[in-house]
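Letters A, B, C and D mark the chains as written, and numbering starts fresh at 1 in each.
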Amino acid sequence: MNSFFKYFTDIFYAVKSLLTGMKVTGRYFFSPWEIVTQQYPENRKTLKMYDRFKGEVIMPHNEHNEHRCTGCGICETACPNGSIEILQAKIDMPDGKKKRIIDKHIYHLDMCTFCGLCIKSCPSEAIVWGQEFEHAVFDRSKLTKILNKPGSSIIKDIVE
Amino acid sequence: MKEIINLPVKNVEEEEYHINMGPQHPSTHGVLRLVVSLQGEIVKSLKPHCGYIHRGIEKMCEKDTYPQIIHLTDRMDYLSAHINNHAVCMLVEKALEVEVPERVTYIRTIIDELNRIASHQLWWCSFGMDMGGLTCFFYGLRDREKILDIFEESFGSRLLHSYYTPGGLMMDIHPDFQKNVKAFIKYFRKKIKDYDDLLTGNIIMQLRTKGVGILTKEDAISYGVTGPSGRASGFACDVRKHHPYGVYDKTEFKEILGTKGDTFERYMMRMHEMLESMKIIEQLIDNIPAGDYKAKMKAVIKLPAGEYFQRVEAARGELGVYVVSDGNKSPYRMKFRSPNFSNLSVLDHISRGCKIADLVAIGGSLDYVIPDIDR
Amino acid sequence: MNFSIYDFTSFNQWIDKFLFDNLPAFWAIVVEMTIIGLVVLLFYALVGLFLVYAERKVCAFMQNRVGPNRVGPYGFFQTIADLFKLLMKELVYIKNADRLLFNIAPFIVIIASFMAIAAIPFAKGLHAIDFDIGILYVIAVSSLGVVGILLAGWSSNNKYSLIGAMRSGAQIVSYELSVGLSLITIIILAGTMQFSAIVEGQANGWFIFKGHIPAFIAFIVFLISSTAETNRGPFDLAEAESELTAGFHTEYSGIKFAFFFLAEYMNMFIVASIAATVFWGGWMPFHVGGWAGFNHIMDFIPPLVWYFGKTFFIIWIMMWIKWTFPRLRIDQLLTLEWKYLLPINLVNILIMAFIVLMGWHF
Amino acid sequence: MKESDFRDNETLDLFKKSGGNIFLTTVDAMIDWGRSNSIWPLTFATSCCGIEMMAAGAARHDFARFGIEVYRASPRQADVIVVAGTIVNKMAPVLKRLYDQMSDPKYVIAMGACAVSGGPFFYNTYHVIRGVDHVIPVDVYVPGCPPRPEALLYGVMQLQRKIRLETMANPRKTQELK
């Protein structure tokens, strides 16, 4: 007799547990205001990343096309996976000495892991995080970037 | 004719056949390959094949400096990235005998627990998906996004943060951090009821998990199954309790132990652990002391020659980091004792004799992350 | 010609008369059959496409998201885009597959669901054929689909497919029983197997209300077992994604896969419309005995609206079930059938027979 | 989103030019419309990026708005393989096989630094494929480690733009160019 009752109580509790589950999904079905979806390409205007968002490494230039990078190469050694390559050039100073300056600050976006060691180690704060995240391209070579703009020069008051 | 008659008749009952689950299979959570020998639907035995995502992280660590190792440990068990980093950072700090500011330990503990919740949420939704309840996937990830928002606001990325550095943190937490964490806990305490209603109490789920894949305490100890999976079998293995680090010794939390060790118990362990983690965070979040966010470290970190070991409680079990240093700026040999590897090793033992559907459920309850197994 | 949206009988008779007047008898029948075939085919495609879209939207709303919304208004043309793509997709031929069976299988599955539509009355006079054994015919035809599934699984030369097909075989054969028995409960009440007569019999109250609790239990059992018969979640063991990748149709690509996909949704439509017809009065409006004014207002709503309203409501319930529950294991699936549904069903039939015998129903 | 807002329009122009005198007919336009709006991905993830791919499919970002929610576990029915994560030497033959098992037309999105170039495992390791394009042809590269779900959605939109250039006469011209 006991097993006979157990048969029915089992059915009762099973149905109850199933209805509890259906209550959850049913409630969400009838409460469309709880939808959390962000409509990405439509909300591009209002979509703003957090200030600290790590999108890519950029080198800010001022209005005279000047940057703060001295080409010291500390970021290159700090980078754990070789995403940064510094090509240096030598120029003749007016006092006759030769000085090393940055020729190309090559940044491999396709290899970067956004760990932030380069930016943290930069002594002259030449590179910062950019907020851009839409990087998808058809050609992989487009992801290798030269951060210093052509014809740019270093801001005068930076000392190594 | 005679020869044909005398051929040995193959016993159909004994006939087995093998199927490959993986490397690309939805329920192996990555690129694990399980060679399962089946008899009908019954699993006779299985062989896990590792190495489909072996990236040589331990070898790479020998080339990197200690701050650079952090970003590799992120990518081992990516779901408990902060906790992995915590292990390496503590090891370096212990070796150099650096006293980290108290603010750092508080922040690290809170973030570890947040990371644990996020990891368990992802486990819950993938477990639900393994069981066939696809809606679980969306509810779990919906709530996980709240944690990721907090992470992104402070550290700038969603999944892999590289936020801890030897001696402290990369940067201070965002001013809104405490407020957001409190809001999240309030939110999640409400939403975790949905989890219980949708999956935990469900009769189908209970029938499928209770009494399936039983792991005894002795086996858990001998296989080295740690974390929630080990505790479900009654193996008291919580590193936070027995070898406290961070500020766990100053907080009140329970180490919940199971008795049965079946799939349902492993499931419940993680559900309880989410609640316990929230309790820990609630105790700490208002008491973060003011101070510096990193200790003074030398520019080039060199560990004195010797051997060092540090363990932490990652989301899936005990993570051990073992370093042999020869006094250089990079380790001579680095070895990770990853929890998932031990947890996977028990899969063959506990899934023999169950059905394919059970194998999927057991795999989901062991919650392995394949890149942590292969490293 | 006397055409109204409340009664299609005269409309059909008019077409019939027109054809037979103008053509020899043989050709008139051929033309008639062609027209019916085309109409059913068009209907099949439209309902299939709509149901796929509806399923996506329903599950999206249950999961706190919006679902397809970029192709057409509210993503309404999403499934049409899918159709174009699947039409143009390469058909992969498996090297060691049984070519003939591999190619036939999707057609068997789709024809099985196609044939069942014939007997379903959509409105008064709007049905392809009105058998006097309509229910028996539908049960017989809908179980043909399992042959296609078994063939698909067997011929693919894939172990996952084979396991999925074997599961499906065991599942459909056993749940067929419950479907039949739960319908017999209503046949006892209605006293006929003819769909049109069953619908007429519900003019003064739907069977689910007329038949007291046994009819309600029969409805629940029918809902569960028909969900299982259509291989839908939580009984989708034949294509259990997390266990068997895609089950019996793992090796199918392009339009052949689309046939399986479509057949699943059409089977859902068919079982829902049988449930609506047998339990909820089909195209019959909602009537309450004694409320003449209310009944009169209800009569104004066209039968097609009633019919599709009820059918889609039942489909919605089936979707709701699918998107809530985890999947059953194969042994639990059979336990549910043989230990729970079947005994309940048998007892239910006895009770129903007793009620009908005593004349206790309304 | 306007065409000019997208990146890498130069490569797309190159694809357009390579079409030569073939013009898009109405049939082409219809098929491309269908294909570009129903890209069913394969459930394939090897590591971290897979989690972000899951997040892209989840409620917050909702892949399904593009009609892409139908994750197919069987490669026969999938249209795009999102290579999310590191591909190592042991996995490369499997990946190639999966790609071969997919039915045409098939597309590849390389998601994350590991799939694009090897990423953190480019130097100093012995077991990692340095970019998945050594194994299978890649249509769209989505860098990031891991990329945000929005970045993946952006990659999918780039792929849609690429698919819309296909013609019946030369369906795979965009890949043959490389």
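Keep this in mind: a contact is a pair of C-beta atoms (placed from the backbone, for glycine too) under 8 Å apart; a residue touches a chain by one contact, two chains touch by 3 or more.
Keep in mind that what you see is a predicted model, and the values were worked out from it rather than measured.
J.: Could you tell me which pair, C-D or A-B, is linked by more C-beta pairs in contact?
T.: C-D
J.: Please compute the C-alpha centroid of subunit A, do the same for subunit B, then give the distance between them in whole Å.
T.: Comparing mean C-alpha positions, subunit B is 25 Å from subunit A.
J.: Can you check how far apart subunit C and subunit D are, centre to centre, with Cα atoms defining each centre and the answer in Å?
T.: Chain centres of subunit C and subunit D, defined by C-alpha means, are spaced 38 Å apart.
J.: Mind checking the centre-to-centre distance between subunit A and subunit C? Centres are C-alpha means, answer in whole Å.
T.: The answer is 50 Å.
J.: Mind checking the centre-to-centre distance between subunit B and subunit C? Centres are C-alpha means, answer in whole Å.
T.: That pair's centroid distance is 45 Å.
J.: Quick check: what residues of subunit C touch more than one other chain, meaning two or more?
T.: Subunit C, residues with two or more chain partners: 62-66, 69, 241, 245, 323-325.
J.: Among the residues of subunit A, which are close enough to touch at least two other chains?
T.: 18, 21, 24-25, 35-37, 39, 80-81, 113-114
J.: Can you list every residue of subunit D that touches 2 or more other chains, as numbers and ranges?
T.: Within subunit D, the residues that touch at least two other chains are 58-60, 62, 65, 73, 120-121, 145, 148.
J.: Graph of touching chains, which shape: line, ring, star, complete, other?
T.: Contact pattern: complete, every chain touching every other.
J.: For the complex, give me every residue of subunit A touching subunit D.
T.: 35-41, 44, 47, 80-82, 108-114, 133-140, 142-143
J.: Would you tell me which residues of subunit D are touching subunit B in their complex?
T.: 42-48, 50-52, 54-55, 58-60, 73, 75, 85-86, 88, 90-91, 94, 98, 120-121, 124-128, 145-146, 148
J.: Can you list the residues on subunit C that touch subunit B in the complex?
T.: Counting only subunit C, the residues touching subunit B are 59, 62-65, 159-160, 163, 167, 233-234, 236-237, 240-245, 323-332.
J.: Flag every residue of subunit C that touches subunit A in the complex, lowest number first.
T.: 58, 61-66, 69, 320-321, 323-325, 340
J.: Tell me, which parts of subunit C touch subunit D in their complex?
T.: Residue positions touching the partner: 56, 60, 63-71, 75, 78, 80-85, 87-92, 241, 245-246, 249-254, 257.
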